[in-house]
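Structure below; questions to follow.
As written, the chain order gives the labels A, B, C and D, with residue 1 at the start of each chain.
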Amino acid sequence: MSPAFAIIAGVGPGTGASVARRFALSYPVALLARNPDNYTSLVDEINKSGGKAIGISTDVSDAGSVKKAVEEAKEKFGDKCAAAVFNASGPFFRKSVLELTEREFVGSYEVSCKGAFLFSQQTLPLLLAHSKDSSAKHPGTLIFTGATASVKSNALMSSFSTGKYAMRALSQSIAREFAPQGVHVAHAIIDGVIDIPRTKEWLKDMPPEAKIEADAIAEAYWNLHTQSKRAFTNEIDIRPMLEKW
Amino acid sequence: MSPAFAIIAGVGPGTGASVARRFALSYPVALLARNPDNYTSLVDEINKSGGKAIGISTDVSDAGSVKKAVEEAKEKFGDKCAAAVFNASGPFFRKSVLELTEREFVGSYEVSCKGAFLFSQQTLPLLLAHSKDSSAKHPGTLIFTGATASVKSNALMSSFSTGKYAMRALSQSIAREFAPQGVHVAHAIIDGVIDIPRTKEWLKDMPPEAKIEADAIAEAYWNLHTQSKRAFTNEIDIRPMLEKW
Amino acid sequence: MSPAFAIIAGVGPGTGASVARRFALSYPVALLARNPDNYTSLVDEINKSGGKAIGISTDVSDAGSVKKAVEEAKEKFGDKCAAAVFNASGPFFRKSVLELTEREFVGSYEVSCKGAFLFSQQTLPLLLAHSKDSSAKHPGTLIFTGATASVKSNALMSSFSTGKYAMRALSQSIAREFAPQGVHVAHAIIDGVIDIPRTKEWLKDMPPEAKIEADAIAEAYWNLHTQSKRAFTNEIDIRPMLEKW
Amino acid sequence: MSPAFAIIAGVGPGTGASVARRFALSYPVALLARNPDNYTSLVDEINKSGGKAIGISTDVSDAGSVKKAVEEAKEKFGDKCAAAVFNASGPFFRKSVLELTEREFVGSYEVSCKGAFLFSQQTLPLLLAHSKDSSAKHPGTLIFTGATASVKSNALMSSFSTGKYAMRALSQSIAREFAPQGVHVAHAIIDGVIDIPRTKEWLKDMPPEAKIEADAIAEAYWNLHTQSKRAFTNEIDIRPMLEKW
């Protein structure tokens, strides 16, 4: 196992947990979520099955909290980060522009974009260190989880989509700045319903291929991570075969 | 002259002033800028040349300030708004993601997106009222001024582009919500240097066609405003003939 | 009236006729269609109402036919072209990829893209001549009529959309080559049903604002034509207020 | 080894050969190129190293030739196709729209789009058969190799980009038609110079990370192929870390 670690922000029962498990097969993992309930049993599971994991309660929209979390991971796992995955989302509102409060409108940006910025600022130096380490197997990789709303902004979705469009802009700017220094930056457009406990009742008359499997997202992220410096993919979309788009 | 008015946020010596002059040919205009220096002489000029104008010192990133400004315009000019143009931009930083402060990073969003949201919330009821007025000559029109950075996010531009991508998402969501109610929402991608006092020294070895003329942007906005409900344009790009793109 | 003329390819009862009438207010117009029935009465109408028009039977997918048509227009109206509008479309098939014949698949490209290329090759020298004429009121303008299928390629639409995507690529390449020489090149994404005799029965339970008015497209094209060299718009979308997008 | 085979059109010394080698690790492969010199030694190499390969001289722009090629592959390897990769490109011209002959302009479309259509028509029934085979390890996968010119159409590039834009439209339409039937359709935007013998002298003062490694493209294609029906990626971009974009 490499001395580098992986860090995942926004660990919950879906994509975050799957990504954590997948990257834990190769790296110690630091799992960030605001609520420890979202990572406690997962940390146990990984540690019991031969991996190494720590959980850190973090508010990604708070600069101090993010700094502290990354420092804790660094103390524990060293100053090289092989992969940083930003998977957090703020509160979601389907509401008219006329009905959203300022707080509700801004909430999505606070997490999806400002949070992604704070997380990137703290992890990029460690990703750069890994990319410059000639013994590193794969380049340091920074992945952002986007959504349909990253590229299409529907009615009543202004809060969510402004945050997601902004995050996509951030990922592109970081890619253009840090790819020449060897860091692989990728943005994933998750276009469809992910099959998690919370969405159990959605699309329930449809076959399983109507929803995205979280483990399959994790596999796609791992494949991004293992791309060589001579073939970086900066954006992928992911959708189930039965999705209309 | 119709009883409806036009309101322009972000009035300065460039696009904002040109738009103000153009729309003042047909409507009373309310001109918003944080610093009264940006509108005082323009308000005089319009009032002296047969138009009607007021200036209102406004911080578009502050909900109370925007509300107060729109209420002042409403008291003065009535409760129908023919056109609302959001032309404000926050502070601009060309800086590495690693060097931006949180304050600097967020500043662009605060104006470009949150400001656009606050402005839209206050003006949409007046735009709807105008669109539903059968005597209105042109549908109520809400126009956002974007930039190259609304669709391309370069290195060192993360602050500016995240704000501009987010504003574009906002404009699309509002368009999809309010077009069916008769409000025309348009987003303009201004792709090039605008020829204003501040950019006098830029591209100065090039012919005038290397820069965009602010009056020509205003004309394009006017043409958007006069489109019928049966032919709304939701996005245009504008660039000078010598621009590389 | 300027000595320059306008030329419109793909004149039928909808957009083409409206564009012809609009540009005939300022220029002599040459109207191209394969079937003379599509322009005969329109030519009469324009000539009787104080304009100047000729109709030329043209197969835009045939190099010789296009060359002959433009030469005829040139002989009649001189060697300066103020505006060239490409509005032709090939046969339309809504069919599975597995059911389309090669002939059917290629038919859309033959008109929408190859035809647009042939038309551009013949008209660009005349547009350049006009743009370089210092007495010209507006820059020489080349406009292509695209569709929703220019940017979204749905199932069963492969023939139509491949032709339209290709035409959009052509328009962008021509814009980048000829804008620096003063020719304004624009592409219009017509996103919705145009209200013409053939679509009379479509959406008939909806209000008029569910369909695009052809005259309003023509007005938008005229507004593109009158843009200055310091503010070219290269792409617009046009849709009725009730369109879902 | 599964009874299904893979078929690659446009086998040359770069991407095609790498894809052939990669997929030959799991499937018998049929390699199509117009000139047998492009596959003869590769076929030998694969057969000698434990794989199975045949080469078939094919003009992808000719319906009869494509049909015959796919039938030959079917006779040899059975009626299930696990993966079909379209990697062919027509002749390339960097020329003004005014200087291109009709033949030159159309040449790119003939291969990139019409060829892709003919190849898809012949392979889709075999891909569907594979996707419906419950013993298939991975869904039938159809991959198209695009380029920077698939999404940006520069000056002097109209021939190449019209063909590539059209191919992208084709891939999207096929994806939307056949994904619900279980076929994975993907389009790859190869954005940069591929490191092949022909490009040896290009960018030679730059480090290797200025060019794309063909084997890395092949690995990305393999990763697309192995995605589950619950997480299809329909578009990826691929560029070397030092590429400007």
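Note that contacts are C-beta pairs under 8 Å (C-beta built on N, C-alpha and C of every residue); 3 or more make two chains touch, one makes a residue touch a chain.
Protein names from UniProt, one per chain: A, B, C, D = NAD(P)-binding protein.
Keep in mind that what you see is a predicted model, and the values were worked out from it rather than measured.
Averaging Cα atoms per chain gives one point for each, and the point farthest from that of chain A is the centre of C.
Although chain A and chain D share one sequence, what matters here is the overlap of their interface residues, and that overlap exceeds half of the numbers used. Interface repeat of A-B: among B-C, A-D or C-D, the matching pair is C-D, sharing over half of the residue-numbered contact pairs. Centre-to-centre separation between chain A and chain D, using Cα means, comes to 31 Å. Note: centroid distance chain A to chain C, computed from Cα atoms, is 46 Å. Between the CA-based centres of chain C and chain D the separation comes to 34 Å, rounded to the whole angstrom.
Residues of chain D found to touch two or more other chains are 176.
Viewed as a network of touching protein chains, the structure reduces to one closed ring of chains, two contacts apiece. Within the complex formed with chain C, the chain B residues making contact are 139, 176, 179-180, 182, 184, 195, 208-209, 211-213, 216-217, 219-220, 223, 227-243, 245.
On chain C, the positions that touch chain D within their shared complex are 63, 96-98, 100, 102, 105-106, 109, 113-114, 117-118, 120-121, 124-125, 149, 152-158, 161-170, 172-174, 176-178.
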